[in-house]
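Here come two complexes built around chain A, the first alongside chain B, the second alongside chain C.
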Partner chain A sequence: MISPEEFDDAVSELVNVGVGRAAASLATMVKERIELSVPKLMTVPYQELTQHLGLVHELDTQAEVSLVQQAFGGRLSGSASILFPIASARHLVELLTDGALSAEELDLELEAALAEVGNILINSVLGTLGNITGLEVSFHLPEYRQCLVQNLEFSLGTHDLLLAVVLVSISGQEIKGYLLLLFDLPSMETLKEAIQRMAGDQS
Partner chain B sequence: MKILVIDDAKFQRGQMTRFLGEQGHTVLEASNGQEGYLKLCQEGPDVVICDLLMPVMDGIAFLTMVQKHEVPTPIIIVSADIQSTTRQQCLQLGALAFLNKPCDQQALMELLKGVEARRGTL
Partner chain C sequence: MTETSSPYQILDFVSNGCCIIGESGRIVFWNRTLEQWTKLTLGELAEKNLFEAFPNLALPRFKERILGVLQTGAPTFFSSTLNPEFFPCRRPNGRPRIQQTALNRLRSPAGESLVLITISDVTDQHERGEKYRAARAQAMAEAQTRGESEALYRLVVGLSTAAILICDPQGRILDSNPAAGQIFHASQEELARLSLTDLLAERHGETIRQMLEEGHMPGEGGLECHGLKRQGGAFPLELILKSFSAGAQRRFVAYIHDTTERKRAEQAVRYAQKQESLGALAGGIAHDFNNLFGGVLGSLDLCEGKLDPHAPAKPYLERIRGEMLRAAELSHKMLAFSGLGRFALASLDLNPLLEQLCPELTPDLTKNALLRCRFAGHLPPIEADPSQIRLLVQSLVSNSAEALNNELGTIDLITGVQDLDAETLRLACPGQSLTPGRHVTLEVADTGCGISAENLPRIFDPFFSTKFAGRGLSLAVAQGILRGHKAGFAISSAVGVGTRFKLFFPALPSTLEETPKRESPRQLLSGRILLVDDEPVLRETVKELLESLGYAVSTAKDGVEAVTYFRAHQGEIALVIMDLTMPNMDGHEAFRRIRELDPGARVILSSGFSENDAIFHFQDEGISAFLPKPYRLSQLEATVATFVKP
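Moving on, here comes the complex of A and B:
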């Protein structure tokens, strides 16, 4: 039986590997180096989620962000989001389109471009998690919206969730965003079993 | 060649269309599997480049339909889903190849050259 500390350590490492793969994808797209923070993991009651993002992860809850959210199911279920403050989001799309768009064109392209970036990043992280653990993940369509951090909604009911947060920034550019992974606690039992199996295989 | 690009993401379709156009190909676009299947039957493209996660009809359903009706057009899947089980499923359903997004343009060009060469020998 693995201890809660060993489980957190293993999940953190799995997320880390997945985020590394996501960063490699983003680096290919923007042709710049991507910096990542170490994933922070915590079990958080759903009602306290946005407050937690402000207090622990220093997100400005009054700030408007561009958000791509993708729910996932299968043996692991939850919701993954990538969010960028509006200025960072616009700057990112400028990089993606090699600065070829006018301000008006950029506004029109913003949603489509960020939805695709979010889709690629989220799939990289969760797909890696699925590949390593052998737990297949099925994805819902990504959704894009703009809202204040304090108005974030994740449609995950009202129970406790495991939250993993990674800060993503682009080297040499004033672009930073956050990757938020929220896992339903019942599916964490499945993940715990998979990690235990993997630990057993290695011993 | 005439290439049909099926992807619900307008941004991805735009990038792919631009890249393929620069290589001298004619590009047709569709935003989901159902629209794509219709264009496949009506326009007879030489090759299809298809996403997986799409509304209305996804890439797996599209591949299943193509296999069921024995349409011989080669299909290249380009998806953000990196899971090996997804890749295997697509190849079992008859996809010619499975590439991950962001798409490796060199790998795609090699695949298209292969399709073109096979076309020339038919």
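Moving on, here comes the complex of A and C:
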């Protein structure tokens, strides 16, 4: 049986591959150079998410965040979300639209643009995860919502949680985003088994 | 794949654009909505490659993600923000059709991997957003304009010295400017709790309510009424009320001007005019009386001269003379009050005069009154007549002494220097025409009974007195003297506390020369005296008096007769005694004509006005002497004897 640390490490690598693809995909959309950092991944119980974001990542629990959530089913069931503090979300869309939008337009277009960015990131990560583990994953289209950090738990539901912190850097301007992968308990076990099997195959 | 075999025809009934592609981007289905939008038919596109039919989708940003859906099955989303024209096409109005695109993998009945491309037309949504943004921008611009307008309104209203109140139709105050707070002695918060009628005297309430109801002022101009200060006290104001519409609501703006100062100035002008009229009247009467008294006194002298020194009638004649002299004194005071006479103005240092005068004043004061003097050093000189200033100070000190009512008190005499600007003079001496600049001040202050506000405006009226025994001329005389010196005054008084008179004399930059230039008596001449006077009684009496002294006298009843006579008898006339005020030709003109005929002619002027009035008019022309009316035989004899031998 793999240890929790080994599990986190393995999923980190898978997510890293997915994020790399996402970066390539995003880069095709803008002229600017896009870099996505190596994600730091950890498993956090959903009840502790707010506390964790506040303590470790210094997110104000009263702050508003943009959340793009994409549910998936099949052998792995749960949802993947990409989360940006609202100011970071605005900044990201501003950079992606090359500063062509006014502040008011930015507010109106935020939802659509972030939904697309989230879709690219989540597709890349989950697609990679499904391909490499051989676990078939079926996706739903992304949903966008805004909520306070302290209300995230209600938005995410009762799942165990994998939290990946991804730094998006466009033309050297760093924008911090958080990838949240939520699995139901059977899916988590399936994923662990798949990873263990992969580890066994490799060894 | 053909149209007939398509199991996807149900998508023709979907309002979204739907396209299905197979491996490598082969177009499998193209629904009617897309046909309508792009004008491209399924027949034209079927089996063609998506990336060839739509070259924009061959770009990596599209192609990789589209093919990725085929490979991974991950639903993919192209937003209307970042990728608004998936299938470039236009709406009927020519504007680009804004699209939001979702790609989902599905399986054909034969098990082939396909991608369903679903296009939502979000153009309307975008246009609504644009309209919203435009409307919002316009609203913001209007708000900014309103803000600027509001700022300008606040600035103008804030600068106004008049109170400006915004009221509703019930008179409730909705807004006010700072001046309103100052005028009514209330904070703007307090005003906001009040009604317009709360700020006005109760008797105006009905008028105001009617104005608010009818929405306009009665007639032209403002409404004169009385306002109420919140801490008590009424004041005159002028109210202009105008209605206006604030949206659907009716509002009123009340423009209120505090007219206290204006009323005070008007009152001061009226008072000055009244005093001037009174002065002219008093001066005229005094002049005529002096002429009459002259006749009576002269006749008395003649009468006495013809009586035996021990005649029983003599004491009665003495009594008549005494009363006549008192009447003459009164007449002189009236003349002084009139201020019409000019004084023997000379450069005068006030302090030495007062120092000399104070010991003389003390005996007249009661034993309870303490006279205290405080004179400022180095006073600039003033242009004044010493005798008149003495009379002025005597009048004021006498008035103060009487105000003490035999009770313990003080009278202060204080001199000083003060630079006064026009505004200070306007406030301190309303209605008095003083010239701004340096002034020598003289204060006479007492701790007496004070003057009530009701009586204050009347204290300078001649014969106005609150004292049983008073004749009421001392302050009238004082005012006349001040007027004659172009000096001003200010009074402050409180009942039970005392009264303070402050006099302002224009300071002189340098000492004036003594103005009266009298000709020194020259060698005594022999000859006839020409007596010129329009008063027949006086003329005859004086003629008789002079003749009784041994002089030869001719008379003339006016200037014309005098000049004619002088011309006819030039060389015979040693002296002319000339009245000043006469019909046809006055003494001034006659004097000039006579001097033209004989520059060395000796002329004594005589007048019922003051000597100084005469001197003022003749100061550069060398009159020989002046005889104030009424004069005694002894005065006449002494004056005439310096010029002519009997």
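Definition applied: the second predicted complex is superposed on the first by the 153 of 203 C-alpha atoms of A that agree within 3 Å, B and C clash if a C-alpha of one lies under 4 Å from a C-alpha of the other, contacts with A are read in each partner's own complex, and residues count from 1 in each chain.
The rule is simple: a contact is a pair of C-beta atoms (placed from the backbone, for glycine too) under 8 Å apart; a residue touches a chain by one contact, two chains touch by 3 or more.
The model shown is predicted, which means the values in this text are computed figures rather than measured ones.
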First, second, both or neither for A:Asn151, with chain B first and chain C second: neither
First (chain B), second (chain C), both or neither touched by A:Ala115: both
Partner chain in contact with A:Glu104 - chain B first, chain C second, else both or neither: second
Residues of chain A touched, compared between chain B and chain C (which is higher): C
Chain B/chain C common contact set on chain A: 25, 28-29, 109, 112-113, 115-116, 119-120, 122-123, 127, 130-131, 137, 139, 141
Contact set on chain C toward chain A in their complex: 59-61, 64-65, 68, 72-83, 100, 102, 104, 129, 133, 136-137
Chain A-facing residues of chain B, complex: 8-12, 14, 53-55, 79-86, 100-102
Interface residues, chain A side, partner chain B - complex: 21, 25, 28-29, 109, 112-113, 115-116, 119-120, 122-124, 127-128, 130-131, 136-137, 139, 141
Complex contacts: residues of chain A adjacent to chain C: 24-25, 28-29, 70, 93, 96-97, 102, 104-105, 108-109, 112-113, 115-117, 119-120, 122-123, 126-127, 130-131, 137-142
